[in-house]
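Every chain is named by a letter (A, B and C) in the order it is written, and numbering of its residues begins at 1.
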Amino acid sequence: MARPAIEDQIAIPAGGPSIQPLVLRDLCFSAGGRVLLDRINLVLAAGVRTVMLGPNGAGKSLLLRICHGLISPSSGTVEWMGPGAREARVRQAMVFQRPMLLRRSVFANVDYALAVRRLPKALRTSRAWTALEVTGLAGLAERPAGVLSGGEQQRVALARAWALNPEVLFLDEPTANLDPAATRAVEEAIAGIALGGTKIVMTTHDLGQARRLAEEIVFLHGGRLVERRPAAEFFAEPEHDAARAFLHGELLW
Amino acid sequence: MREMSQAFASAVDLVARADPELIEIVQLSLQVSVSAVSIAALIGIPAGAALAVFRFPGRRGLVVTVNAMMGLPPVVVGLCVYLLLSRSGPLGGWGILFTAPAMIVAQTILIAPIVTALSRAVIEDLWLELSEQLRSLGVGTARAVLTLIREARYRLLTAVLAGFGRAIAEVGAVLIVGGNIAHHTRVMTTAIALETSKGNLALALGLGVILIAVSLLVNALVYLTSGIARRYSGA
Amino acid sequence: MRGFLNRVRLLLPLMIAIVPALVHPAGRFITLASTTSTQNSGLFDYLLPAFTRKTGIEVRVIAVGTGQALRLAANGDADVLLVHDKAGEMRFMSDGHGVNRREFMYNDYVIVGPASDPAAVRGLTDAGAAFRRIAAAGANFASRGDDSGTNREELRLWETAGIDTKSATGGWYKEVGAGMGATLNTAVGLQAYTLTDRATWATFRNRGNLELLVDGDPRLFNQYAVIEINPALHPAVKVEEARQFADWLVSAEGQALIGSFTVDGQALFFPNAATPAY
């Protein structure tokens, strides 16, 4: 497999009209008689990096999956309201807590995601290489994904998501299983992707990570959205008691 | 116990002499069972994957049925296939009763449920693990099935080997539809049954030893080649 | 996905290579449904090559009990029958499945049992008396119980001896439900008496301490017959080849060969095509 020239690598097609904002109205989710998300109203707009915070069981991951369309809410609506909303399905991507790579080479993992989108082979190859360059994985392209370290695997997952050129990228605790060095590498990759104009919506229970990456905080507690503010304000002076307790480490995450 | 030592002696003797009849029988056993397991894999793996991934009414019932069919009695399968292929049966016109293809048909019916059920279990586990990721990437069900089969390929090999083990070891079905005709449909298990009925217990056991050895060899071969392939793909 | 398809592509030629090799159109052949006694004694290995050399027709033998052989043939799954149960054969003929039944050889049944002979039947020449003593002693008796020619003969003997085995089933009367060889293996294990044809007994290698105890009763006569299958009912039957085979069995050549077949110096089948016993 020949590496394409630099010129080709830059030629990543831009998306069409924006699919954002994402609007959640009176969103509820219950399972087994328990209410897990309770009347969430939220508008996620382009631009800022949004981090969802909250103790364990607050409903962060569930909310993220509903936003991404993996799970349907019990009631209420999730709607992409932008002019390009019809394209919403293919203009977003998600990275999970575990990398969930396929048993093939690093390159083939990225290429697979592009093949699903039915891109022509030449375009797939150049995009996949670019994605690996950006995430610093080009040197590992031919390696079987299964033999990489946890941090490297998670970066492959990021490269795979990035190669899809998503307008919105959801990340569910992407560094939960990683050591500090690997966490840092993944965070840098996320920041890089955000710089390219991709909207980031992520969950974490790592407060340090939230401080480093978040521009706005959505704080969930017991299935309710209790606070949504710019990150600097939130960390300086949270309004809600639960948020204050959470920041002081009094609430288990 | 005297039979045991005689059995090993007769097994060693048969192998050492490269007994032409033995070679013929071993060859036919392998041809029939490898053919049956190949067809069963071509049917069972996609069927198992579909059963793991697709949700439809009656799916649970079907899963239970396929699982139960892993225990199909070979004699009953043989009898059903006999009735189908008999000159007076619906497929009598094929004229394949008492031939190797009839034995392949019977063994395929016997082991397809095994391959299907084990594939279903393996792929369902994998699907639970990967379904969110694949759906997130926008993978459709058909592609998901193919991806999962590829992902599970080494574990599916175990399912296929389980089917092979059952095929090469069963006697009831091939005896009925093959007829144990010398030089035509005599395989290792029917030869063992025949020698037992002649009271040649040592020879029968000797053939049994060879059957186990052949089965071991096939498994070892598959294990080694898949191990090498696995190392190269890092799976 | 491509890897998977590649694998399929690798498998296909393998199967294409194997399956036709198995279906290869052999030369002319007929399917002979026969009994385990003739097969296991080695008679067919001795006879059939001579026939094949002479005619170019291969004979493929399905060796099962007489009952099953008759049923196979009644389904049209054999071209010719070689069995030993006159009553069953006559029913087969009157049902129209067979044509041209010809008796062509015989041997006899013998009663074998443990050397200790708890029912004291050794040396008797009256099978009925022997059976009565076995029943009276309550000694184990292994019956084939598989509707074979030997089984039917045994049941007739019990009947003429005036003994009802039904009530003894589960007691001393053991129905094995298997072929002659398996029944003999069982008899060895149970120290049981049993009825067997002489050929199977002569070639049986796992006798343990079983011995031949009773023979010589005219009622133990065991007649074999060859029957061609009626093509009017079973159009797929190879009439011409089957006729050639049956003709050959009753011919001077076939009869001589049957008579010359011995195991351990002992003749096991006696040609009688020219002089049918009954």
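As a convention for this text, a contact is a pair of C-beta atoms (placed from the backbone, for glycine too) under 8 Å apart; a residue touches a chain by one contact, two chains touch by 3 or more.
Just so it is clear, the structure is predicted and the values come from calculations on it, not from any experiment.
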| item | value |
| --- | --- |
| Farthest-lying chain, centroid of Cα atoms versus that of subunit B | A |
| Pair exhibiting more inter-chain C-beta contacts, A-B or B-C | B-C |
| Innermost chain, taking as reference the mean of every protein Cα atom displayed | B |
| Separation of mean Cα positions, subunit C and subunit A [Å, integer] | 77 |
| Distance between chain centroids, defined by C-alpha means - subunit A, subunit B (Å) | 46 |
| Length of the line joining the C-alpha centres of subunit B and subunit C, rounded to whole Å | 32 |
| Junction residues of subunit B - those touching two or more other chains | 143, 147, 150 |
| Subunit A residues touching subunit B - in the complex, by the definition given at the top | 65, 68, 70, 89-90, 93-94, 96, 100, 102-105, 112-113, 116-117, 143-147, 160, 164 |
| Contacting residues of subunit B [partner subunit A, same complex] | 129-130, 132-133, 135-139, 143, 147, 150-151, 233-235 |
| Touch list for subunit C against partner subunit B, complex | 1, 3-4, 7-8, 11, 14-15, 18-19, 21-23, 26, 31, 36, 40, 45, 60-63, 75-77, 179-182, 184-185, 203-207, 234, 236 |
| Residue ranges of subunit B in contact with subunit C within the complex | 31-32, 34-35, 38-39, 41-42, 86-89, 92, 95-101, 104, 143, 146-147, 149-150, 153, 179-182, 184, 194, 196-201 |
